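So that we are looking at the same thing, I have put the structure below in structure tokens.
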């Protein structure tokens, strides 16, 4: 797929640009809401069995919470990135579609993680899915900037690169760990909530919210 | 998660603000529509059995109606609250995501209530879910106001606090009742439709619609 | 639920009004898309059995087509009606929610019709669902007009009343027919596509599209 | 369904026009996201069986990827087409609904293809579904242009016709092929990514993105 000859200016095509954003928001909001379908209620149980059933679904609830937080943060980043976009072309739209294609897989990966939380397969699948989303987001970001479609300043841009690499790195790191200790690997993801780069960014005087959002 | 250094003014960031609202609306509209998936048609029944099956699903229809009304009113409140928001930051967005995460659970709680309507577990689960939504909404409301992000006047604000506490209180009250008489506890929720605080608010001359909406 | 003390002017509250419309559009678009979930693919069939299975699902495809057309036309009417709304209040919003609650049931009624197309129960359930939607739409229309919230002229209004009554009448008429000849009753619905009131409206010189849309 | 007496100008009815687009975007984004529901996780497997299960679902993943790309491109085309629409009437809205009705079937066709990838039935069903979408899109395009509702220039228009015919042709061609070699037919679809008309269009100096988008 070759580079497009000319990009459209956003301020001259607000309606068209708005549709790209609206479509993306739609996909994000549906993907995040479909997570609830992973929590299914079995029929015909006795009262005592219901409690057991709910307790047995605790991995599914954990997967729901993690995936909701993750998709929510991905949406924040997307939201933030597109607020800086000044022009768009077919290539940005295509990259965005590929990116969304990886986001929409998260409910499936999340179901796998919820059903088979302690297994290598589920942890690896989930980690790969999320790392791919982060890396596609970074690719879209870098590509759009290189071609002059965004108005992001150099420092914010460098921080985004560092943070995306950091986050993708954690997910990629949890893959070998999943082969050794699949039960423990998901705890590694909690490191994401520490987010040292965010602290670093804030200390250096940058706008904390913007950078953090652009980060994950 | 520390407080953000600076909030963005809504009128200078209408597009970005619009996306937050659009994303929230998307989540609400999907969550409310997914309720219909709880009503499933069993295959291969004879004509007489269909009538039985539909009759046996009456608890699911009741759960559908209650949850539709509840999510609808939550949306109204959210709608009302965001119409008063004058500025936003990462913290408000994050709180909103956590709030939506609780709203999206409602179709699951509703399915549980529909399948196991007369049991303590289902009533408690549903009550906790709804009380958490109300309390998170109140937290978002109070936090945004304390940090000067909304233009709500003191009286409206106090009424919102009273009403939210009232509603959360009813759901929390139905928890001990569910241990004693799980069959009766859902009837307690009908008190919500009486809503004495609404009458109080109207008598004191305030804008009834606004306050009621901001209330639940 | 008492009448609200004051309505908000639409042109002074475009964002708030836009959210009501966006939420409604979301619900319509999800409900119409969920129809596809009624068409399920059974697993583990041989090649010959797949053809049989698809052929056996012909009632489901018919129900899909009819319900897609019906929800689509309801959306058109809603779309048309709200383009005439000049002011809104809590009561209009509440009526709209109740109306949407009936629309969201259509995928369930449609599944029932698809699975048990030749039975009295399915035809009656579907007919009642659709008649209720039409009547709630008419109620919302009449109520909004009576309270001065819309700018619809008297003739359009009268035609809307005639057409809604006509459509609801056909569905209500198919109920007794479903008790006598449940196989034939759905064919009665094809009368809807003839729509004599539309021809009447066009002959009298009114804007055909507008009236037809406002009609169903 | 007769032609409407008068079309509405888009710039005088931005809100109404915006709803048509928003509704369409909603349907597209839901249809594309529902694709993930075709990937189901079976319960109660051992760790070794999970790997097998995922491997056995490779056809479903392939169907997911192809259908995501296809719906994504259909959305692009729709997006592009509606950015050229200058006026609309009931007929355009109705055609758009019929078009969307065919788009919403894609998740079902995709499930069929994923479950029964090597069979004639699945390939034919999928091909017919996609060819119908392309042809309905072309019909909508041609009809809108003939009635003066769009501002598309003659060359773009001719290219759209060529490309749509090309794409529909490939899907229609894969139908007889599916009777001879159902395993191979899907590979024919990869020709879509070569897209000679796109290269042609670009060579002739036209805006590549626009035409390509308008093409599929």
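Chains: A, B, C and D, in written order; residue numbering restarts at 1 for each.
Just so it is clear, a residue touches a chain if its C-beta (ideal position, glycine included) is under 8 Å from a C-beta of that chain, and two chains touch if they have at least 3 such contacts.
Computed from a predicted model, the values in this text were never measured in an experiment.
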**OP:** Note down the smallest number of touching-chain steps it takes to go from subunit B to subunit D.
**Re:** 2
Subject >> Neighbouring chains shared between subunit C and subunit D, ordered by label >> reply: none
Subject >> Angle of the C-alpha superposing rotation, subunit A to subunit B, to the nearest 5 degrees >> reply: 90
**OP:** Could you label the subunit A-subunit D interface same or different, taking same to mean over half of its residue numbers are used by both chains?
**Re:** different
Original post:
How many Å are there between the centre of subunit B and the centre of subunit C, using C-alpha atoms for each centre?
Top reply: 26
Subject >> Between subunit A and subunit C, centroid-to-centroid distance (C-alpha), Å >> reply: 37
Subject >> Where subunit D touches two or more other chains at once, by residue number >> reply: 22, 26, 30, 34, 37
Original post:
Can you list the subunit B residues touching subunit A in their complex?
Top reply: 2, 4-6, 13, 15-16, 19-20, 22-23, 26-27, 30-31, 34, 37, 89-90, 93, 97, 100-101, 104-105, 107-108, 111-112, 115-116, 119-122, 125
Subject >> subunit B residues touching subunit C - in the complex, by the definition given at the top >> reply: 18, 21-22, 25-26, 28-30, 32-37, 39-41, 43, 45, 47, 50-51, 54, 64-65, 68-69, 72, 75-76, 79, 83, 202, 207-209, 212-213
